[in-house]
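Shared chain: chain A. Partners: chain B in the first complex, chain C in the second.
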Partner chain A sequence: MNIVLRELKAHRKSLIAWSVGMVFLILAGMTKYSGFANSGQSANDLFKGLPGLAAAFGIESVDLTQAIGFYSVLFLYILVMTAIHGSLLGAEIISKEEQEKTAEFLFSKPVTRTQVVTSKLFAALVNLLALNLVTLVASVIMVGAYNTGESVTPVILLLMVGLFFVQLIFLSIGIAAAGISKKPKLAAPVATGLLLAAFFLSLWLDITKKYPGLKYLTPFKYFEGRVIINHNSLDPLYVAISLGIVAVMLLAAYLRYNSRDLSV
Partner chain B sequence: MNVIETNKLTKSCGTARGIIDVDLVVEEGELYGFIGPNGAGKSTTIRTLLSLIYPTSGSAKIFGKDVVEFGAEIKEDIGYLPSEVFYYDNMKVKDLLNYSASFYKKDCTKRMRELVEIMDLDTHKRIDDLSYGNKKKVGIVQGLLHEPKLIILDEPTGGLDPLMQQKFFNLLKEENSKGVTILLSSHILGEVQRLCDRVAIIKEGRIVNVEKMSDLAKSNYSRFKLESRTPIEKSLFALDGVSGLKMENNSVTFMFKGDINSIIKIVASIDLLTLWVEEPDLEDIFLHYYE
Partner chain C sequence: MMNMLIHELRQNQKATIIWTLSLVAGAALYLSIFPAFVTEADTLRKMLEGFPPTFRKAFGVTLESFATVAGFYSMILSYIMLAGSIQAMNLGTSIVSKEERGKTAEFLLTKPVRRSQILTAKLLAAFISLLVTNVVYLVAVPLIINAMAGAIIDIKTFLLLSFTLFFVQLFFLGLGFLVSAWASRIRSVLAVSLTTVFGFYIAGALDSIIGNTAIRYLTPFKYFDFAYIVKNSSYELQFVLIEVIVVILTIITSYYVYVKRDIRST
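Our next item is the complex of A and B:
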């Protein structure tokens, strides 16, 4: 418990910064919507004339003149932002003891490596949930402010569940990178590198529409805003894949962190 | 009872030198020195004992329990001061000490206050504002506040001023008189000599000798260095007990073991400018005693 509290305290400032960033992203994004809403149908027509561009922005089969339709485009960037947060948090929370050379202090205390990872995982989950809640509240308020049809709160809640799975995936990738690698400096670059690769794969799939099977490789394809909004549900297959990735990553991190030499 | 017992403990660290077949037995209540030049494997041995790194082969037991299997349990009763102290920069001293104490099942508040008093530590300062010596003091307090039964110190005195060193050594002697076992690693023979009963000497990853401190002192090596006004005949020092003779212009250095009077008579015959007779340092011991 002492490690959990320590980590919560250590990440408090960074969590506030990420939350402010998130609120700003949603605020700025939805403010742009008012411009689209005023232009009426012409924005939709513009993108229909440019399918490649529409794909690159992830706005096919989306009604941009609806607040929630516009939000579904913004949701991709929310996913990316929380994914960056998750992977950096996961990598840093484990690797910092070795990187800042406090591992000798921590692991000469009566704690097992498993206890340390579990405590840090718990603290990280609290951070993920907090950022998710901030996103939820900001989204409900901002989308609600522009919404003219039925309530969007239920579908935003559903989107946030999807968002949480993506957060979990990237957190576990970060933790695995730090847990496995004997070079603590590599953890964050490896985790964010994988994230970028996944993001660009997702963009490439949107634009080229080739090799649809590759979509299973990028978590950014698992919980797409427009799909969730159109179907009003999460795809159970992707939920299962997400949980599978998280389980494998965490298992690898625990096993390797327990058996490897600490970099001291 | 043996507090520390290693059996052919071996750790290969890739290209860096590790330790090979280290057999170390430290009995309960001993003040045990562990000396060797930098890079000989002292820290590697200690880190293996603390299961920060794992042995390649062989095994180690502390309090009769395997260090890998029962690592966390054993550490309940170990206090460790690493050679280089690094703590969470954004913490205040008292936060770090409280955090340290929070790992132990017992209440450490009273002992913590005593130690802070003894080491003369300002607990309201932030750790990254502290000097190296003061960080070391934080290290000492966090290592001792839970009243461990075994204290492991890796090069503990670097950065401490002589007065603080003395206080610290007194503290260690006091702990030792309560029955606490102490393993002190150092490359400075003098500090081991002042404290320890027995000493293991490690060189290039292997234990080369284990001696009682009193025996080591009896080896009676002295280091002579002298300068004369006139050139000195080399043949003057052709005498049993002289080793490592080096002559340069009018200055001479050598190690001497034997009847001190015989060499003093020879030295007295020289027209001296200066003369030093010193205790050999560890380097000399290795060069002349263990070759």
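Our next item is the complex of A and C:
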């Protein structure tokens, strides 16, 4: 419990900075929309008639002139930002003891390694949840302000659930990188390297339809804004895959961290 | 001076190799889908012609450059530029700040070198690392275009387009260098560099959807309009000037700040 409180305190500043950044991103994004909405013609009809064309550009039948449609584009960047937050948090929270030479001190206390990882995981989850809630509130307010049709709150809630799964995936990747690697310095670069690879793969998949199977490799394709908005539900397959990734990553992290030599 | 330069180059060696290979491999991956893209292109082109300009703008695509090898390359270059900017920003942000983070600043500063010399050596090393990446890229990618995309790109157009990668990298190198020289302790280089680069990228991406031109002055990702370059075989002078001024300002400020400030030794 002490470790949880300590970690929460240690990450308070960074959480506040991330929250402010997230609110700013949503605020700036939706303010841009207000300029767009006024000038926008009904691109909607054109989009609907030509799913093939739109898909070629990665904007599969979503009406950009609607507040929620524009938000779906913004949502990709929200995913990326929270993914960066999650992977760095996961990598740092575990590797910092070794990197800052506090591991010896920590493990001279009567705690097991499993307890330490569990406490840190718990503190990280609180951080993820807080950032998710901030995103939720900012999104509901900002999209709601420009929305003219029916309420968008339910679909934003759904998007936030998807967002949370992506956060969890990258947090667990970060924790696994730090838990497994004997070089604490490598944890953050490896975790963010995977993140960037996944991001560029998803951009690549947007312009080619040749290898649809590859979309299982990138979490950025699991919970796409436009798909969730159109179907009004999360794909259970992707929820299952996400949970699977998280379970495997955490298991690997626990097993390896329990047995390996710490770098001191 | 020379020792520091060589030391830094050696430290950056691995990262530079990994980044260079990743950028070239990324370019190859994106270029490999060009043949499939071009077969669909003609139909798409005919469809697009019937639509109002506002609609086309929503996609950020212009008719002239669409589905030619130069047009396709322009599209993917913006992704490569995003990756390259992360490389440059990482490099700039870490190269000075690592001394304080790794508690080696004290050791370095007791050597008979001026602080400005330290900065010069580090800046030069970072510059050379980026130069190497770009030279390899400029040699490899035309060959890849030829081999994988089965097309030949006009070499002048290719060079004009690809030099922008280096220019934008210099922007982020300068910015990272400034942050690095200024901040007394950066806990996580990646947190600083990734959020900054993506911040600029998102600002540019959202504004190109709505066709706002004011943002072009603010984000380096929009200093170079690829469609303009392909069409006119030249850059827009005012943005080149902004770029040069920003880079010079960040570097001068870095020296000014670093020479004076307290260096943490604990």
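The working rule: the second predicted complex is superposed on the first by the 246 of 264 C-alpha atoms of A that agree within 3 Å, B and C clash if a C-alpha of one lies under 4 Å from a C-alpha of the other, contacts with A are read in each partner's own complex, and residues count from 1 in each chain.
We adopt the following convention: a residue touches a chain if its C-beta (ideal position, glycine included) is under 8 Å from a C-beta of that chain, and two chains touch if they have at least 3 such contacts.
Predicted model only: the values in this text are computed from it and were never measured.
Asks: Does chain B (first) or chain C (second) touch A:163, or do both, or does neither?
Replies: Touch status of A:163: no partner.
Asks: Using the superposition on chain A described above, determine whether A:80 touches chain B (first), chain C (second), both, or neither.
Replies: It touches chain C, and chain B stays clear.
Asks: Looking at chain A, does chain B or chain C touch a larger number of its residues?
Replies: Tallying touched residues of chain A, the top partner is C.
Asks: Just to be sure I read the superposition right, which of the two partners does A:112 touch: chain B = first, chain C = second, or both, or neither?
Replies: first
Asks: Classify the contacts of A:261 with the two partner chains as first (chain B alone), second (chain C alone), both, or neither.
Replies: Only chain B; A:261 stays clear of chain C.
Asks: Counting only touches as set out at the top, which of chain B and chain C does A:123 meet: first, second, both, neither?
Replies: Neither partner.
Asks: Overlap of the chain B and chain C footprints on chain A, residue-wise?
Replies: Shared contact residues on chain A (touching chain B in one complex, chain C in the other): none at all.
Asks: If we count contacts the way the header does, which residues on chain A are in touch with chain B in the complex?
Replies: My answer: residues 2, 6, 10, 100-105, 107-112, 115, 259, 261-262, 264.
Asks: Can you tell me which positions in chain A touch chain C when the two form their complex?
Replies: 14, 21, 25, 28-29, 32-33, 35-36, 39-41, 43, 46, 50, 53, 56-57, 59, 64, 70, 73-74, 77, 80-81, 84, 88, 92, 188-189, 192, 196, 200, 203-204, 207-208, 210
Asks: Quick one: in the complex, what on chain C touches chain A?
Replies: These residues of chain C touch chain A: 26, 29-30, 33, 36-37, 40, 44, 47-48, 51-52, 54-55, 58-59, 61, 75, 79, 83, 86, 188, 190-191, 194-195, 198-199, 202-203, 205-207, 209-212.
Asks: Which of the residues in chain B end up touching chain A in this complex?
Replies: 47, 50-54, 71-76, 78, 80, 82, 84, 86-90, 99-100, 102-104, 142
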